[in-house]
Structure formats: C-alpha cells, structure tokens
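Note that the chains are named A, B, C and D in the order they appear, and that numbering of residues resets to 1 at the start of each chain.
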Amino acid sequence: MQRTVRFGDTDAAGVIHFHQLLRWCHEAWEQSLENYGLNALEIFPCNINPKKPLEIALPIIHCQANFNNPIQIGDQLLVKLEPERLDIGSFQVKIKFLRKEVTVATGLLRHRAINSQTRRRCSLPEAIDRWLEASSILQGPHPV
Amino acid sequence: MQRTVRFGDTDAAGVIHFHQLLRWCHEAWEQSLENYGLNALEIFPCNINPKKPLEIALPIIHCQANFNNPIQIGDQLLVKLEPERLDIGSFQVKIKFLRKEVTVATGLLRHRAINSQTRRRCSLPEAIDRWLEASSILQGPHPV
Amino acid sequence: MQRTVRFGDTDAAGVIHFHQLLRWCHEAWEQSLENYGLNALEIFPCNINPKKPLEIALPIIHCQANFNNPIQIGDQLLVKLEPERLDIGSFQVKIKFLRKEVTVATGLLRHRAINSQTRRRCSLPEAIDRWLEASSILQGPHPV
Amino acid sequence: MQRTVRFGDTDAAGVIHFHQLLRWCHEAWEQSLENYGLNALEIFPCNINPKKPLEIALPIIHCQANFNNPIQIGDQLLVKLEPERLDIGSFQVKIKFLRKEVTVATGLLRHRAINSQTRRRCSLPEAIDRWLEASSILQGPHPV
C-alpha cells in the first residue's frame, strides 16, 4: 500500500515527527485486515455499540521503530507488512517504509491476546489466525 | 494553570501545529475538573472497568480556535478557563492562552450531555453542574 | 475523496477524538492541492532543504468544527472541500464529511498569507490563487 | 517528574493509545533539559527565528516501548529518566513510567548528532554533553 507524508506528520526539523511512524504502522495493519475482508468492529473495541463487547482484546506489548533516512512532506512511501505469529496468543507485524526502493524506516508492533474481562492471556481470535495464515502464504516460504 | 510548549507541539513552520491547541484545551478542562476534586473516571468513559459504564456521555458538538500570535517551542503559557452553562444539557468552555499578559490564542469547546445508551439528550451530570456553579462564582459577576 | 476511520482516530467514548477531525481537514486540503498538481514543497515549509526557504507562510488564523453524528472506527467517509478566497491575502476551506449522504461533521480552516521573514501580511502565493480559482469553477456558480 | 493520563491519551480499549507513550518520552526528555537549565531554542530547531539556524540536529534513529500493565485515564505516573552517552555522537534516554512503585511501561529514544546542513554525523552539542554528564552523576555509579 501507499502513503503520502503530510504537513502535520512533520516537525520543526523538517522530517517526520518520530512517533507518527508508529501511527502509520498501526494504520497499515488496519488496512491489511480490511484488505483481507475483516470488519474493524470485529477486531477493535468500539463502545458505541455496547451490546456485544469484544471477548478478546489485542493490546500492544512492545513497539519499535528505526529511522534510516529523513522522510519529508510530500514523500510517496511504499508500505510493506510482514505479519508473523509468535505463539498461540501473540503475533507481531514488521512494517517497512520504502521510497524509490530504499527502506527509509521500519517499525514493529507486537500484540498479545487477552480476555477483555479478566485481562488474562488467551488464544488469538480466529479471524486474526486466518489473516496471519493468509499473510504468510502471500509472503511465500522465504519472505525477504 | 501553566503550559510549556514542547517540540512535538510545533510543526515545520516553527509554530504550534494548529490542532494541538485543541488538545491543550481539552487537557486544561480535565485539569480544571481535577482541581475541583472530580475523579476522571466519574466523568470520562474508560471501558477497562466495564462494571459501571457511565450513564451520561459529554460529546463535543462544536469546537473552535483563534490564533493571534505565533506560539513556539519553550513558550510558557498561562491558561485561563471560562466555563459557562448554555442550557440544562449543554455547556461550553472558553480557554485563553496568554504569554506575558498577551492573549496569543483562544479556544472553545462546546459539550452536550447525552444518555450513553440511547444517545438522546439529557441533563448535565450533577458533578459537572457543581463544577460549573463553582467556576462561575470564582469568575465573579464581572469576569474579565 | 474518501477517508476510512482508524482505531487511533477514536477515543474511549468509541467515537472520533474531536481534534482528529481538524487533522483530517488539513490532510484533505493537502490532498486537494496535490490533485491540482501542486508540489507540497512549494507550499509548505520543510527546512531540510534550507537553500530556498519559502517567502510566504500560510498560518491558520481560525479553525472550527461541528459534530452532528457519531463517527466510529471503520466508517467510510466522503470528504468534500469548498475553498473560498476571503480577500487578497486570506482564504478559507470548508470541509464536509459525509457517511451515506448524511453530513456527519464539518470543519473550517482559515489561512492568512504572511511574509515568512517579516511576518507581515502579504498577498496569497500565485499557486494558491490558481488553485482557488480552479476550485470555484469546479463548484460552479451555485455550489451546493 | 509526574504525569497525569488524560482522556485524549487513551483509546477505545480504555488504555493509553500506544504511541502516546513515545510522545511522553520526548516531553520528559525536554523537561529534563529544561530542569538542567537549557533553553529549548538552543537544542531544537524553530525556524521562526531564522537568523541563527542550529548547526547540529539530533534526529531520533531508534525508539521503542514496552507495555507491562494497562495505563488508564487519571493515572498519576512517576516518570524516571536514565540518559546514557553511547559514543561521541550519539546518546539514548531510557524512560520508566511507574504507578505506585510498579513499572507500568518503559520507553527508549536513541539520538544521533548530525550537521544540519550536510546531514553528516558529528559530535554531540556541548550543552547535551554537559547534561549527559550531570545526569550520570545524579544517577550515581550504580543507577537503580
């Protein structure tokens, strides 16, 4: 998928303000779920419709980002995701941001499934399992 | 109350990125409630503790801001609130940001009380009523 | 243009956090300039390339937003812009957000041209003038 | 230093939206510089005063965060910094967020000094060197 850098993403140094990259990572993950056919309301809490609260929450337990090259307003970035299941109850998504085939930044989000009432660890939701499966097939046996 | 402008509040033009001011307005309102002795969990939703969901929500129905003078990193701003009840179910908060006695920006948040289940209009929560009352007394009959 | 509401746009009340709408307004304006063929680096400061600092800055002097209906994660919004020149040195952009033909929110950004060195008022940049002209033609004599 | 969690920091899951923690980390670093007596305008770019552009920029080259316990609105957090020089041209700041003596989250920012014109690596600014020195003395030989 593509992303254009906007004025509000940058700071007074003229490059993206570092934590905006992590917002982009999360939005790229959401876009990937949507492309796979998942409805955001099945995965993310939204207490405007409290009749069916989600049983499983997917909090982020770790995130990181590396900045290789300055990213500035107007840049057209190619965004590549590499989701990976870590164990029965957690997964991570690596995200690469490329400009003209150069990786200018990378990000990583690590999520763990918990029961949203008890907040104890549990298995990943079935929908996420299917999306992880499909993503790894798309990447092939030897993802680069 | 006081607020220091941080690097992440500013944009590539060297002044605050405009919508950060509205974040500051909301945080100033929260600080005012806290100073009055109200617990954030009585006023704001937080579905981590779903046993007692709030009956009344206070969505913002209108906001605005005016920018008179450039605000830059390191500026020490004085923040002044003028809360005002509009009718039985709504109120607004005007916020002034001053630097060395000059009003550099103003903001306004208008809230309406709704039942959080039915989303129909309702009366303001008692706690907000008391805070509005106390705030107008503090400002006196002729608020400056 | 279209916009999908993401998880990070929403708050604990399950609807968009109000000031995110103003970020969307600015990004919609940037997208409109881009669609018209303008390069972001001609309009917005980016001090990573300090050889040719922009002569004219376009600070926002006023912004506002109205929230008619709750906007939640996953919503697909249609974004409509109505730019309007106010005088020789200022213009505003009204932005409507529609969901299934219902206007769920509106925003407004008002910009004034200033000389970026002296910070005195000046005429709008030529490129913005042309974009305003083209936008008003697109809207026709009786914009709805 | 202290930090109170505000409504806009939290998301629809009722806990802080993950990348806000990295904003807090940066603001804690800025506060630490200020407490040490440094003026933000000597360290951070602000092109509103273009007469003396900063010679050295300090871009973030890596950041990360770990989330141990849910952080919710109204939480009063104690923020502890551990700055550390990595080599002649780079340093990192570890930040711990504690609630009632429990570390609920940690963050890390890694900065590299570059010449702001050529964007080549250079030595840290003297003021940052002094602040790093003073910070390590404060932590003592066996920082906890």
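To be clear about the criterion, contacts are C-beta pairs under 8 Å (C-beta built on N, C-alpha and C of every residue); 3 or more make two chains touch, one makes a residue touch a chain.
None of the values given here were measured: they were computed from a predicted structure.
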| item | value |
| --- | --- |
| Chain whose average C-alpha position is farthest from chain B's own | A |
| Comparison of A-B and A-D (more C-beta pairs in contact) | A-D |
| Whole-Å separation of chain centres (CA-atom averages), chain B against chain D | 27 |
| CA centroid of chain A to CA centroid of chain D, Å | 24 |
| Whole-Å gap separating chain A and chain B, where each centre is the average of the chain's CA atoms | 32 |
| Residue list for chain B, restricted to those that touch at least two other chains | 7-8, 10, 12-15, 19, 23, 26, 44-47, 70, 73 |
| In the complex, chain C residues that touch chain D | 7-8, 10-14, 17, 19, 45, 47, 50, 53, 73, 117 |
| Chain D partner contacts - residues on chain A that touch it in the complex | 12-15, 18-19, 22-23, 26, 44-47, 57, 59-67, 70, 109, 119 |
| Chain C residues within the chain A interface of the complex | 4, 6-8, 10, 12-15, 23, 26-27, 30-31, 34, 39-41, 44-49, 70, 72-74 |
